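So that we are looking at the same thing, I have put the structure below in structure tokens.
By written order: A, B, C and D. Residues from 1 in each chain.
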Amino acid sequence: VSVALNGLPDVQAGLEGRGVELDEVGVAGLSLPVQVAEPDGLQSTVASAEFTVALRPDVRGTHMSRFVELLTEAPALDAATLAATTRRARSRLDADRARLIVSFPLFVERIAPTTGMRAPLRYDASFEVIDDESTTSVWLGVDVPITSLCPCSKEIADYGAHSQRGRVRVQARPAELGALSLLDLFAAADTAGSAPVYPLLKRPDERAVTMTAYDNPQFVEDIARDVAVAMRDDECVAEFFVEVENQESIHDHQAIARVRWARP
Amino acid sequence: VSVALNGLPDVQAGLEGRGVELDEVGVAGLSLPVQVAEPDGLQSTVASAEFTVALRPDVRGTHMSRFVELLTEAPALDAATLAATTRRARSRLDADRARLIVSFPLFVERIAPTTGMRAPLRYDASFEVIDDESTTSVWLGVDVPITSLCPCSKEIADYGAHSQRGRVRVQARPAELGALSLLDLFAAADTAGSAPVYPLLKRPDERAVTMTAYDNPQFVEDIARDVAVAMRDDECVAEFFVEVENQESIHDHQAIARVRWARP
Amino acid sequence: VSVALNGLPDVQAGLEGRGVELDEVGVAGLSLPVQVAEPDGLQSTVASAEFTVALRPDVRGTHMSRFVELLTEAPALDAATLAATTRRARSRLDADRARLIVSFPLFVERIAPTTGMRAPLRYDASFEVIDDESTTSVWLGVDVPITSLCPCSKEIADYGAHSQRGRVRVQARPAELGALSLLDLFAAADTAGSAPVYPLLKRPDERAVTMTAYDNPQFVEDIARDVAVAMRDDECVAEFFVEVENQESIHDHQAIARVRWARP
Amino acid sequence: VSVALNGLPDVQAGLEGRGVELDEVGVAGLSLPVQVAEPDGLQSTVASAEFTVALRPDVRGTHMSRFVELLTEAPALDAATLAATTRRARSRLDADRARLIVSFPLFVERIAPTTGMRAPLRYDASFEVIDDESTTSVWLGVDVPITSLCPCSKEIADYGAHSQRGRVRVQARPAELGALSLLDLFAAADTAGSAPVYPLLKRPDERAVTMTAYDNPQFVEDIARDVAVAMRDDECVAEFFVEVENQESIHDHQAIARVRWARP
């Protein structure tokens, strides 16, 4: 057991003989108030963070308080800031790799299709940074509510068609840092269902949304593919992962689709 | 600090001077394997229990291990068994009141409307016992998935209508112990939506369910009232609480309705 | 079916013959960005709202979009603002009662006991307004993490004592609107465990917190009573509810205590 | 749109031109009653299943009802049964890959260390099958509650040491199907904390557990490494993943450690 500057034993720095390198050691579920810098401005929100480093076989423990210090020092969050914070963790904790995930709700102003009434729509977003000696990768992520209407149900029934709420999750790694925004991912997800979701609809709006969804039936597979095509066609995207979940209204389980892709 | 039979101090029995009677003290989130005795047979399932007693102002703490002992001793669960277990807790822990809530999933065999194919449908159920010196009340509860189709959307759109998954929660106190079963409550909830929910549907079934839902549009208010009428009309029900939640497919929030009633 | 100004049928206003008054009808799980006005300043955070009105037996449905409109119009949240918003809902929706619950995380700056290092500590807070023709009640609520160390374990073991994370939940109705702040409730909860919880502790701080907790063993019952005494002794509190939950480290279930009280 | 035997259009079989292969398409969150065959006998429990297949670029949709049919046909669950079910899905749905995850709570009889009193302890378990043309891999998983006591806190404080509940998650792929049981993984996880967790402890047991934990301080890193060593030393294990989460009692966030390893 070595002794640190403050005169107390440093148990974490002690000898370690099991010969096991740990891939990740750190903190999770740390909640903190943040500001997120997006192209359309700065949003104040509340984040949950997971922050880890790799731990070499010969070191017993990491210094968990460093993660909290580094996170509370970070200014307004964007991909570049968080990449720098992650690199700092790797350096200060003398580790081969570091990883940071910060997740938070964001809001876009949603305009009702007929009356034009406005209200904030929530989506969930995240940044994930993976940093090692050779590269720093940053992934952007969104989780967006949508409506889906079942093409099979519409085709086989004489009238009606079941619809349901769904979630579209997109994670993408831009070819260059800053080439993609969370709003870009939101837009790809938001337009892939049978209709978007609205916090505020008056009757004429509800009429429009109902008919839009009926006119655009989408299987969970269709939604995943439409988002995949949008990502593939965007030169700024180097790699992506899409997950769609339809909360089927005729079942008590979900229909899901997933696709992962990297630009060749 | 008094000393118990095993020679260790009994800190819980110590003097208490704050003059605060506690309404409930005990354990929560205790998971255990159980068998539930329903009219249609015995089901093996996994329960979560909360078990508490009132604590008099002059006693510092209760003996938490007793709750676990009593629960693991209980045979197949039904209203009468759990009422007895709760009374035993009140007596052994020398308390003025005791309360027990046991929650668990159950399954009914669901038959697809056209093909007749069978698969188990899950619903969640509970028993709540409230026991004091004068009475032992037992509440039965269910939480059942349903489909709802919006009457407004159907009326105002030229075609289509949005539908979504919902949950119907019913809690009822029978006039006499044993006069109501969990299956009775399930049946009232299950038939109050626009259509029931099925784990397994082939195409001809999906056609039938889609058209059934379109033929039976139900607001969240309608569902709550239909369950309320069914409960009110059942002479065995002394008191009930209904909560319906529609997971609106055009919004990312829920529409809810609640009603509480006691037979005059 | 009556016809509204926009030329579309108003299905909600239709005839209703079941004779069931609903206690609450409205929206739940609506997420929105808010600012909360506390004595120590304005905080930006993200809220989840539930907003309902009672529905008379002769009306089929309420107008759900009104709740969303009213919430998005509300300025910085405090008890008075939300009371006004709730009264407005009752009036606009022509209802006998209205109820609003808004929940959100807040942060306090937490100072480590020895090094004085600072980091934000999250707690969860809420306002609940219940409004009818005669009165408007506002309840404030907090949900605060604490550490508890078991007095029994300390007493009976030759060394050591198990400790665990807990949550203290306090809801209080002030005698007069504005007489209590969320921070007042936070302070009562935060000081009732064996030690407070900190986001950031260096070794000398961890030493201090460890010994503080060992010096202040508290049963779940003790914590509930200490908060109850603090509330009872505060003349501004007309009514309160306290719930404490210890996430026992020697078990996989919780120990809980609850007390409800109204000034005579 | 092709027409199936039942005379209804088969929309899922329709032409698909987007050129996107989906990695996984299927159902998630399907709840069903199951029996799990473990070396110590058959347990009745409640499972949640996710079941997917890959979808070729030229097919629009899969037939979701097949997954439900296959799952409800499965007899008592073990690795071999579920491997067969997964291969059947791949074959019936004419897919290149299939994947099945079934998760459920299980119970072991836990004996209190001093009094010998018995009560069931819950842990969560899972089987994951990944099947393609060349191989069928089966992973076993457990998620086990433990107590951890902080070595740093013990060392630097004059008395006491903070402890907390934790979770140890182990997933392992046996070298040969059937070479490992869920109970083997449970045992590795259960013994790696500072002390095991018990549903039922009388005072003499609590004394023993308190002192055992104090005598065995374990960092989150230590726990992960001890499980890793146990897995590495077991010739039956071809590959494993360990995740440990300490629900720190002095913080409101978690400390975590992860390690992934494959036998060279």
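Heads up, the rule we're going with is that a residue touches a chain if its C-beta (ideal position, glycine included) is under 8 Å from a C-beta of that chain, and two chains touch if they have at least 3 such contacts.
None of these values were measured; they are calculated from a predicted model.
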* Structure fact -> Shared touch partners for chain C + chain D come out as A, B
* Chain whose mean Cα position lies farthest from chain D -> C
* Calculate how many whole Å lie between the centre of chain B and the centre of chain D, each centre taken as the average of the chain's C-alpha atoms. => 28
* To do: Compute the distance, rounded to whole Å, between the mean C-alpha positions of chain B and chain C.
  => 24
* For chain A and chain B, what's the span in angstrom between their mean Cα positions? -> 35
* Among the residues of chain B, pick out those that touch two or more other chains and give their numbers. => 8, 30-31, 68, 122, 152, 156, 199, 201, 203-204, 207, 252-253
* **Touch list for chain D against partner chain A, complex** => 1, 8-9, 11-12, 16, 18, 20-31, 50, 52, 55, 60-62, 64, 68, 151-152, 155-156, 219-222, 224-226, 228-229, 232, 245, 252-260
* Structure fact -> Given the complex, residues on chain B that touch chain D span 4, 6, 8, 10, 30-33, 43-46, 65, 68-69, 72, 105, 107, 117-120, 122, 199-204, 207
* Structure fact -> The chain A residues in contact with chain B across the complex are 121-122, 145, 147-150, 152-153, 156-165, 195, 197-199, 201, 203, 206-207, 209-211, 213-214, 247-253
